[in-house]
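Structures follow.
Both complexes below contain subunit A, partnered by subunit B and then by subunit C.
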Partner chain A sequence: MTQLLLFNVFNGLIVGAFYALMALGLSLILNLSGVINFAHGGFLAIGAYLAYALMPTIGFWGALIVAPFLTALLGLVVERVLIRRLYGRDPLYSLLLTFGLAYILEDGTRYIWGAQSLPFPIPAWLTTPLSSEFFFLTGYRLFMVLLVAIAVGGLFLILNRTRLGIRIRAGTLDLETVSVLGVNIGVLRNLNFGLGIYLAGLAGVLAAGMLGLQPTIGTSLIMPSFVAIIVGGLGSLPGTLLGGLLIGVASGVTTVFFPSATEAVMYVMMGLVLLVRPRGLLGEEGRTQ
Partner chain B sequence: MTFGRDKLAWNAVLWIVLLTMPYWMGAIGGYTELASRVVILGLAAMSLNFLLGFTGVLSFGHAAYFGLGAYGAAMSLKFFAPSTALAIVVGIVVGTLAAAAIGALIVKLRGVYFAMVTIAFGQVFYFITFRWNSVTGGDDGVTGWHRAPLRLGFATIDILGNDKAFYYLVLLLFAVAAGIMAMLLRSPLGRTLIAIRENERRARFLGIPVERHIWISFVISGGFAALAGTLYALLSNFTDPRSLHWTLSGNFVIMAVLGGMRSFWGPLIGAAIFVVLQDYVSSHTENWMSFIGLFFVLVVTFFPRGVLGIIKRRVAS
Partner chain C sequence: MSNPESTTKPLQRRKVIQAAAGASLLQLATPFIIPARAADNVKIGLDNPLTGTYAAVGKNELIGCQLAIEQINAKGGINGRQAELLVEDSTSGDAGTAVQKARKLIERDKVDFLLGNVNSSLALAMAQVSAEKGVLHVVPGGHTDAVTGTSCHWNVFRICNTTQMEANAVTPSLIKNAGKKWYFITPDYSFGHTLQSGLEKACKANGGSTIGADLTPLGTTDFSSYLIKAQAAKPDVILFLTQGDDMINALKQAVQFGLDKRFHLAGGQQELEALEGLPPDARIGTWVFEWYWNQPGVPHVAEFVADIKKKTGRVPTARTWFGFASTWTCALAANNAKSLDAVKMAKALQGLKLPPEVALMPDGAFFREGQNQLIPDLYVGHAQAKGISEDDLFKVTEVVKGADIAGTLAETGCKMTWPS
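== the complex of A and B ==
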């Protein structure tokens, strides 16, 4: 029992790390540009399939590095061509646009790589369990947690230490003033979008290693990411991280006791949070208006 | 705005088209079921627009109430009694209660955050129906039931075997629902909702309890969406978790935008275009999702005002 519980808590942590990685990208874009990027799951799938396509030539490690960058590049183009013209309009329009993009990206991956799921080979030494007692602790899982930690750490480093990151944070608080101070906010929003999509692409490669490849891989991960943002607190990136981990562990634990409620539990959490603290766990006051 | 004679003429044309639809649908390559679907999804889009266009609140999760209506009706017919009327009532009650509960949780949020929370909450019911196999049939949906003939005491109308008869039942309920919505919008309540849409802060300063009004609008909107959902289940004698999925919510929103959010009948026109297009594309290509997605992108980029919005502008200038 303890082992089962431990297994599911750990599993939940991994799943939560995924949610957090994806939700952080969504949150970045939402906070600076006010766009709910429905296509985030589609970009995740693109990242995963690009890695699959690149792997025969540049290997697993090469794909892990290159695929997220290519995905981010696609994100930059999409933002520049389609999303940019909707800033300042009713958020309804960007929502519908990214919704349509989500359809196109999912169907596009299905068209190119087929509807059936594909295996995603990872280096053999990563798949062996580290101990026979804790069979679930495969190297790949630990590796994933480590990589997510590095990515999140890197993101916060960028946001706190680089000029781009500081401008992103400033723009989140008051875009107009940042613009008046001479920052090109068109470029800023573009790069910020690319950064968010990079995280989606990375999450895609990691998810593919664990779940295999399916065109719907992204669509199934997007809703929990929304929940993570709401639970963690709107406008707060640490909140988003916390929210993702929390709902991941919560669904992991629920799997042990009440398997059919695995997905529902995170929505119950969201309802409770909204009831008690509408701005979310770490949300700033006033951001919800 | 066009008043008086023009408006009357347009309404007359609309109702003539709706009343005769089953008779010419076949001639242009459609079928009676498609006509029913246009009216049902048109009702769903119009009820969403009560919130979206006339209260100015962006809900992106209306498939939840639509789908709960569908499940309420299906399960009432399967487990309680073979009565179509009862099924419709049960469906509406279930959907409205859910909208009342969720509405109460979210009325404090605004704008893009409101949208996000409605999206997320929309999925709760999807997972419940998907996972709760023993009751809802899980992924397979609720099967093994069908709509019952309408017994009016003096006569029985066979809405099961005669799909034109079912279409006119749908149209009748649509007319009643549209009439109630139009009346509500003309009442002081409706005026208040429009005031909130135009300037929430000013409405608040005038002493209007904004949250309560948004909640009321949310419940009304959810209730009519549930009615549409019951009819949708009755139409196909079947319902499954896809009637609750967030992609359907998105479809409702694009219907409203495509037709014109600021006009009462716009969403119906949008639904007609969307339903016919989807029917055509999905019977011609496997990659219908790409086409629908492209359609979303094009509508948002080139027709943000919607069909009726453009027409109104032309008439005004």
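== the complex of A and C ==
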């Protein structure tokens, strides 16, 4: 029993790391632009399918690098052409827009690549379990966690050390002042959106390696990311990371005791956090933007 | 303040939570198209998943329906009138949408026949509507026993097998090939529940036992925690009863974890759609197929395969055949009854044997009287990475006659009442 619990905690951390990667992208966009990006799951699917399409020519590693960038590029275009028009309006407008966009992206992948699930081959040396005891630690899952760690580290470096990152953080706190100080916030928001979508694309390629390709891949993964943001605390990126890991572990542990509630437990957690600590675990009091 | 872009309205936590609630709707609601149609056609309404986890199997059923419509019209139509297919997306898991679409097809489009659904729970919900409205309803591919069992209706016919029939067909092979201690990974809805209880019953009758079972929510993507639990119980066999993308995810992860080297991974129902979505090394295990395209020597099968290949470039699956046989059932009912009256048509279908060009099986298939359940052949065998061609992913080792494993009418629990 203890072993079973321990296994599930470990495994939950692996799964949670993945949720966190998605949630961080969502959170970035939400914090700076106030856009609840429903289409995040759609971009994730695009990233996955682009990698699938590119793989025959540039291989798995090439696709892993190129596909998220192409997805981010698409994100930049979408922000420039569609989302930008809705800044400053009620958040519900952008919500509706991205809601529709999510359908378009999902059905777009279905139209181009078909409704049928497709296998996504990954290098053979990554697919084997590392030990027979800890069989759930396959090379690929560790690789995923490693990559998530690198991506998260990179993101925090960008936010803390680069001019762009510092401006993004400043803009999150007070966009007007940043604008008055002469920063082009149109460009800032655009790049920030692209950065968020890059994370979605990366999550897509990683998810495809674990789950294979389905047009619904994004839709099924987006809900845990929303929950991660709310549990971790709106506006706090470390909170989002923590939220992702926590719900992963919670689902894993629930399997031991009450398997059919593994999904429900996330929402129960969300409800509890909202009741007891409405700003989320690491959210800051009074700052909900 | 002069720059409108610089003013962001404060985003409230409440909005985000509302949005999260909205996001769950994303998985349910879906739009679809209705083509223009002629008034005097005989209308067949298909209310089946085109989006969500069952989109792929739903599309294949649709293709089968479309081929049947072409054949029916080429052979003189239904009672001399052209047949026409109306299509609605029921979604993969939302009974509310499925029922609403069924009502729309019946009340607004005035269809003469209703077809659907892949999802057993949705099929049951639709059957309530069709029974209330007295419309002839054929369920192509929803397997839970109740459809032609305890919840049977005079107007509801079913093409695919009951879960109990599948369980009875595959269990002897499973016990022989894989072992007696079973652990189930079961999808948490009516299909999964009845397939599991059917297999447990058959397993016990064959001297085996169940040592554990987990219910997984429909649409689960990560099965690792269930697999951790299953292997800890040390069964002989881990049975995967999940379907569609859930089957692919579960089996794929089990093989990634190397569980195929320590346990037999198998299950009840398996489909070509799922095997195609799996990497070759995960195409393993003993299963039952309900129809298979590679049936050398069985009349008309090759033509059917060629016709479907011409339409889609791929071989037909059991789902394609379900859709095909369902649509033909409508035409046979009307043409045999020489009427579109639902009661007369339902009577005409009692005991009806499908003609060989529709049945496409070595022993044929017939509707059992008093249950409205098609009794076909079942194909027991094992998945394979690659057979005679890229599409040949299943090796049939035994064809089981449906009549031998269907049980008695009393066992099904169906007590049919006809309108007076």
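We take it that the second predicted complex is superposed on the first by the 281 of 289 C-alpha atoms of A that agree within 3 Å, B and C clash if a C-alpha of one lies under 4 Å from a C-alpha of the other, contacts with A are read in each partner's own complex, and residues count from 1 in each chain.
Assume a contact is a pair of C-beta atoms (placed from the backbone, for glycine too) under 8 Å apart; a residue touches a chain by one contact, two chains touch by 3 or more.
Nothing here was measured: the structure is a model prediction, and the numbers come from that model.
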Room on subunit A for both subunit B and subunit C (clash or fit): clash
Partner chain in contact with A:P121 - subunit B first, subunit C second, else both or neither: second
Partner chain(s) touched by A:Y87 [first = subunit B, second = subunit C, both, neither]: second
Partner chain(s) touched by A:M223 [first = subunit B, second = subunit C, both, neither]: both
Which of subunit B and subunit C A:L275 touches, first, second, both or neither: first
Which superposed partner A:R167 touches (first subunit B, second subunit C, both, neither): neither
If touched residues of subunit A are counted for subunit B and for subunit C, the larger one: C
Touched partner set for A:L175, first subunit B, second subunit C, both or neither: second
Partner chain in contact with A:L101 - subunit B first, subunit C second, else both or neither: first
Subunit B versus subunit C as contact partner of A:Y111, first or second or both or neither: first
Against subunit C, colliding segment of subunit B, chosen among 73-81, 109-117 or 163-171: 109-117
Common interface positions of subunit A, toward subunit B and toward subunit C: 30, 34, 36, 38, 89-92, 95, 99, 102-103, 106-107, 110, 223, 226-227, 229-230, 234, 260, 262-264, 270, 274, 278, 288-289
Interface residues, subunit A side, partner subunit C - complex: 3-4, 7-8, 11-12, 14-15, 30, 33-34, 36, 38, 41, 84, 87-92, 95, 99, 102-103, 106-107, 110, 114-119, 121, 127-129, 132, 135-136, 138, 140, 175-176, 179-180, 185-186, 210-212, 214-217, 219-223, 226-227, 229-230, 234, 251-252, 255-256, 259-260, 262-264, 270, 274, 278-279, 288-289
Subunit A residues within the subunit B interface of the complex: 30, 34-36, 38, 82, 85-86, 89-93, 95-97, 99-104, 106-108, 110-111, 223, 226-227, 229-230, 234, 260-264, 267, 270-271, 274-275, 278, 287-289
Touching residues (chain side subunit C, partner subunit A) in the complex: 1, 3-13, 15-17, 19-20, 22-24, 26-27, 30-31, 50-53, 55-56, 58-59, 188, 214-217, 219-222, 224-229, 231-232, 245, 248-249, 252-253, 256-259, 262, 273-274, 276-280
Contact footprint of subunit A on subunit B as seen in their complex: 52, 58, 60, 105-106, 108-113, 115-117, 119-121, 123-124, 127-128, 130-133, 246-247, 250, 253-254, 257, 287, 289-290, 292-297, 299-301, 304
